[in-house]
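Comments concern the structure below.
Going by the order they are written in, the chains are A, B, C and D; count residues from 1 in each one.
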Amino acid sequence: MGAILEVKGVKKSFGGVEAIKDISLEVQKGSVTGLIGPNGSGKTTLFNVIAGFYKPDAGQVVFDGQRIDGLNPNEIYNLGLARTFQNPRLFPSMTTLENLMLSPKGQKGESLLKAPLKRLWVDEELKHASEVQELMSKIEIGDLYKTTVADLSGGDTKMVETSKGILGGAKLILLDEPTAGVQYVSGRSVFEHVNMLRKEYNLTFLVIEHRIDLLFDFTDYVYVLDMGEVLSKGKPQEVSKNPEVIKAYMGGA
Amino acid sequence: MEIPVELLNTIWYICVYSLMAIPLTLSYRISKVLNFAHGVYVTLGAYTAILMSAAFGVKLSPFLAVPAAFLVGASISVLTDMMVFSPLIRRESNPVTLMIASMGAWIFIKNAFYALVDILQKRWMTSLFYTSPNIDLPAQVAIAGVELNTRLLFVVSLSAISLFLLGYFLTKTRLGMALRAIADNLDLAQISGISRERVMLITWLVSGGLAALGGFALSLFTYVSPELGDQMILQVFACSVIGGLTSIPLTFVGAVIISSSENILIVFLYRYLGIELSFRPFLSFFALLSVILIRPPAGAGGGLPYRFHLRGLSIQKKSDS
Amino acid sequence: MVDVVSFLSSWLTLFGIYAILALCLDMEVGYTGMANTGLVSFFGIGSFVAGYISLTVFLSFFGYSYPIYSLDAVIAIGKISGSNPFLSIGVFLMSLVVAFVVSGTVGYLVSYPTLRVGPAFLGITILSFGEMLRIFMKHFTPTGGSYGLLGIPGPFGWVSEPSVKAVLFLALTLAILATVYLYFQTLSNSPYGRMLRSIREDEVASLCMGKPVPRIKAQLLFVGSGISGIAGSLLAFYQGSVSPDMFTTAVTFEVWSMVILGGRGNNRGALVGAAIISLLGWSSSALNFYLPGLVVDPNYIRWMLMGAVIVIILLYQPKGLVPEKPVQTKAWSLFETKEEKGILRKAETAVKRAFSWLAGRSYK
Amino acid sequence: MLTFLVIGLVLGGAVVYGALTPTLGQVAELNSKINQLQQQVNQLTQITEYKIGASMPLTGELSDIGVQWRTVLEMARDDLNAEMTRYGIKAKFTLVIQDDKTQPTEALKTFQMLAQSGMKVIIGPAGSSQVKACKSYVDDNKIVLISASSTSPTLAIPNDYIFRTVGSDAVQAKALAALIDTQGVDKVIVFHRDDEYGVAFADFFGKEFKNLGGSSTVIKYASGQADYASEVAQLSSSAKQGGVQGIVMISFDTDGVNIVDHAKDDAFLSSLKWFSSEGVQGATGLLTENIAQFILKTDYMGTRPVFKENPLYKDFATRYKAKAGADAPVFTANLYDAIFLAGWSIVRVGPASGEALKSALPEVAKKYYGASGWCIFDEAGDKLYQDYSIWTVKSVSGKNQYVDIGSYSGGSITWG
């Protein structure tokens, strides 16, 4: 299994402030890779660069052997790289079903010309619907299909956001603090689902996470960022022993 | 010596536009309301003096008219805020909703005022639809051998003083800093311990009052009608947008640009390119559009996908809604 | 003793025209969240295109060579307009199509700046564009400049009886309205509509889900503006004359208030709003008619009402009179039928949770 | 959706049915005959009430003068009713005045509303673009439109339902040119609004003035602005360059006053002679002290369509002044006569049929001499004999007022 995502010497600064000094990292196919670091260490900025929100000032991002830096977010999504946000960005006043039905790529019904002619897209629509149903039952929110997303619990919201990526046929999903805004106890279950989904759909995850305990149990590899640089990397256990990591982490948090 | 009249007009308009546009910028920056009702404050400010002088039938002292105009504009603007904007803001409505609400308020107040003027006109048997206040100012005054228009001097000093006071208020006083803090982000303001509602109130009070002063200043220069606000609002918006609707100094620059384009540029176009004078309003819109295109206002957040690639603005929800 | 027939026909015709506008605006504002405050300019383009085409075709067909805005042209048209039914209707249809294309294209071009400045400023951008256009039209001699165009021959010039003519035109308008309504209804209840709504909710997130947001917005402005153009040409034919002064921003605000009142993101709402607001206009006239000499002129009251309606609706009934519904695609059927299964699954999960609790594992 | 369609169909059906029934053969004629008989019977027995519609610019660009016209209308109504009782005609007229905001589409709506409440004669609207907006409607539905202030020659269309109790600008342009010629001015700038009225007037004036051996250049300004300072500045400088002796201002009231107000502060413009059309006449703004001085300096003169050597007009003017407290502004006499023409035609053929009224109106007008002189219509339905008087502002008994210092009739100007 090779690297599905390679970040090579990426730099990004806003008006003189270097959010990312120089970061290179690799994400192995089928792994759950953790990304930790104190606030302002450039984790989210890195995500935004990977997801195509920002153009890196230098360096390149390679996904599946293809350069994606400089592409627009929607193009990157269509290549199979999905992301979630720290404070989830779903479509609040739309139902769970609608939210999920939005995610499949290249729907026939989403072209202006085909949309008015039902029969052109209705079969496809049903196919997607059944997939959605299946997935929703897997993550145990099957009965919430007509609740608007705004009314979902924190954990459910995270799961919906994650599963959007899956329905979009993503190979790699960037999770930005999946346990933020989730009750402490259910944070674990979020990761259990992540694990389950990874096996089911042989996905890869890159996770920003603050809770070290979860990282130990669920991630295969961890990068520690500080001040926009990779401070250290390795298996969670090793990393957690690294003194400067502890220092940086305690200092930051 | 003779000062070219184009220049004088430009100065007039710099004063008037900055008095109208800067409060608009201020209110947008702090409340994120693209306020179309702003034009109404202008009209009311202009008419306060007119109605007063008509009612008492005397020459009105400018030092009475100015505070009166300010008070009227301020009170109406605060009223608008209390009845329309703050409930909506409390409900975290998006900017579009707020804009529409302001349009509603605008249409309502304007026509209510129209009705009032119509009734008064019938009562007093004098024409109020198109007039100018009867202000107690000598026409000309000679300074260092130069004949100067007193009203111009008055308006220049009026705008200079009020803008200076505004600047002082924003930069030096605690309240003013709280204002700016809120404009930038909320947390700071919470720290400074001043409630958001109060700051909003102050903002609307100031902006409404200043806009009214702008209206009054214009009514010294020319005859005004209840349509005044509508006729000016787009130019005023143009000034503010040039200022990115966030920066007060840039808004002043905008006022300078628009007034000189309306008073000087058009003249050059007419003389050397033979463009009809009646294209004058065209220029302000042209300026507006070109500025918007060349340099999208930060307040706009920029469209997709430019937002990220051009400006790298924050993509947190705050900036969008 | 109000003449019911002609009242209904004239009211419904203007209602139809404005309802088409309201539907377009609703598509842009209600579904996609594009605050198009320059609607009137596309409306105007449509009507000028219609007037220009019909006059030119008629004059050239009958071999006159007057400029279309001249008095001779008007008199000549007065003679010939009724003479040839096929020509009348043909010209009518042709100008509808051209109006659609032209206004649509302009809308598509305008979409560039709007994408550039983003949602909050779209309004002021298109607004000033509309004003620029109006000033330009006043100097654009081929369409009569500030004279505008007069004596535009309607599609039913050959019908002698005025009320029949009015009714025929009404039927035509309502037919077009119905078509537009059906089109938008199917569009908004398709994946496309779903996508539009997602853009309104959060365009960034929608972009992150692979939706080409800028392109979609441009498409929608094309369609919306084009159909507004059709409405405009209808107005031109109904009124028989167009002049630049007809297309002030006031028109836009009227349509806006229709959409707000009826409810954003809901085609039916747009229709309701259009009906109510257009009635409001007539009712103020009626008030003036039956009790003349009020202290306050009813016209002021009418406009105050208009403003108050917008504000009050936004404050107390933000969703409007007819609140929006979830996008109705086939997908629902799948779920609705599985309702009882849903219940079973509920039970199932409950049991699971119980076990997991017994097992002492923290479970969501 | 379905419900909507159903409603649409039902309404459509109702409308079609309602529309087709009256057209069934003689029924219509019979009805109208019966109506007319009814009318005559009524007239003999008890007072019948007739409604006359009016569409006036109470708001918008002409609002200043529009509200004064409202007063004239009410006055005319009362006089007409008084006349009826004097002649023992058992008829009473009431007015329904609607605001059309000086906007075309609004004017059309107003007309439809008035027409649908059974009125076949409607006074107004003021502006030519508004009249155009109503043209096809009134022609189709046989409603008689009498505008007292639309002077655009582009509406001089034979045998339509549009009548104008005021002469076309083509004539007034001639009058103005003649006036300027008498002032020994042969080089002027025509400073006019960019709407239909201004453009047309400027064209005609240019031609006429050329025939008299003068030369004129044209500057066009955008109407509907809050302020015209920059235009006036440009006007001044091009006047300097052109070395003209006079300015001809073709404006409405609101913009006109604004322009004069700025011109009074300009030394060079104040040294020229100023002329204007009727548009600005009657605007209260021109009566303020310092503008009056400007008018004195530039011996400002204008033409306006009224025949002041007319006892009826003098009578009307005095009574108007008594009622409104101001001098009768422009077009009031024409408006006044319009009401009378409408009233008498209704009395003659009854209010039921627009066709009858259309044919009656010119007949009535032929024999009618009113405040605006002879009201005879030409074949295009415009006032045939329009005399013009020359107006200016003078201080009469310490109060600035509009006074007519001369008149233009039959191609020649008579002073005093």
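Everything that follows uses one rule, which is that a contact is a pair of C-beta atoms (placed from the backbone, for glycine too) under 8 Å apart; a residue touches a chain by one contact, two chains touch by 3 or more.
Since the structure is predicted, the reported quantities are computational estimates derived from the model, not experimental observations.
Asker: Quick check for the class: compute each chain's Cα centroid; which one is farthest from the centroid of subunit A?
Answerer: It is D whose centre lies farthest from that of subunit A.
Asker: Between chain pairs C-D and B-D, which one is joined by a greater number of C-beta pairs in contact?
Answerer: Comparing C-D with B-D, the pair joined by more C-beta contacts is C-D.
Asker: Report the chain ID whose CA centroid sits closest to the centroid of the full protein CA set.
Answerer: C
Asker: Which integer distance in Å separates the CA centroid of subunit B from that of subunit D?
Answerer: Spacing between the chain centres: roughly 37 Å.
Asker: With chain centres taken as the means of their Cα atoms, state the distance from subunit B to subunit C in Å.
Answerer: 32
Asker: In angstrom, rounded to a whole number, how far apart do the mean CA points of subunit A and subunit C lie?
Answerer: 40
Asker: Which positions in subunit A touch two or more other chains at once?
Answerer: 72-73, 89, in rising order.
Asker: Would you please write down the residue numbers of subunit C that are in contact with two or more other chains?
Answerer: If we look for residues of subunit C contacting two or more partner chains, we find 135, 138-139, 202, 204, 207, 213, 297, 300.
Asker: Of all the residues in subunit B, which ones touch at least 2 other chains?
Answerer: 114, 118, 276, 278-279, 281, 305, 315, 317
Asker: For subunit C, which residues are in contact with subunit B within the complex?
Answerer: By the definition above, subunit C touches subunit B via 29, 33, 35, 113-121, 123-125, 127-129, 131-132, 135-136, 138-139, 202-204, 207, 213-214, 253, 256-257, 260, 295-297, 300-301, 303-304, 306-311, 314-315, 318.
Asker: So in the complex, which bits of subunit C are touching subunit D?
Answerer: Subunit C residues touching subunit D: 1-12, 14, 69-71, 74-75, 78, 135, 138-139, 145-148, 150-152, 154, 161-167, 170-171, 174, 178, 181-182, 185, 235, 239-241, 243, 245-246, 248, 250-251, 268, 271, 281-282, 285-286, 288-289, 292, 297, 299-300.
Asker: With touch defined as at the start, can you tell me which subunit C residues reach subunit A in the complex?
Answerer: 183, 186-187, 190-195, 197-198, 201-202, 204-213, 219, 223, 326-327, 329-332, 334-335, 338, 342-343, 345-346, 349, 362-364
Asker: Write out the stretch or stretches of subunit B touching subunit C in their complex.
Answerer: Residues 34, 83-84, 87-88, 91, 93-97, 99-101, 103-112, 114-115, 118-119, 234, 237-238, 241, 276, 278-279, 281-282, 285-286, 288-289, 292-293, 296-297, 299-307, 315, 317, 320 of subunit B touch subunit C in their complex.
Asker: Along subunit B, where are the residues that touch subunit D in the complex?
Answerer: My answer: residues 5-6, 9, 12-13, 114, 118, 121, 125-127, 129-132, 139, 149, 218, 221-228, 231-232, 262-263, 266-267, 270-271, 276-281.
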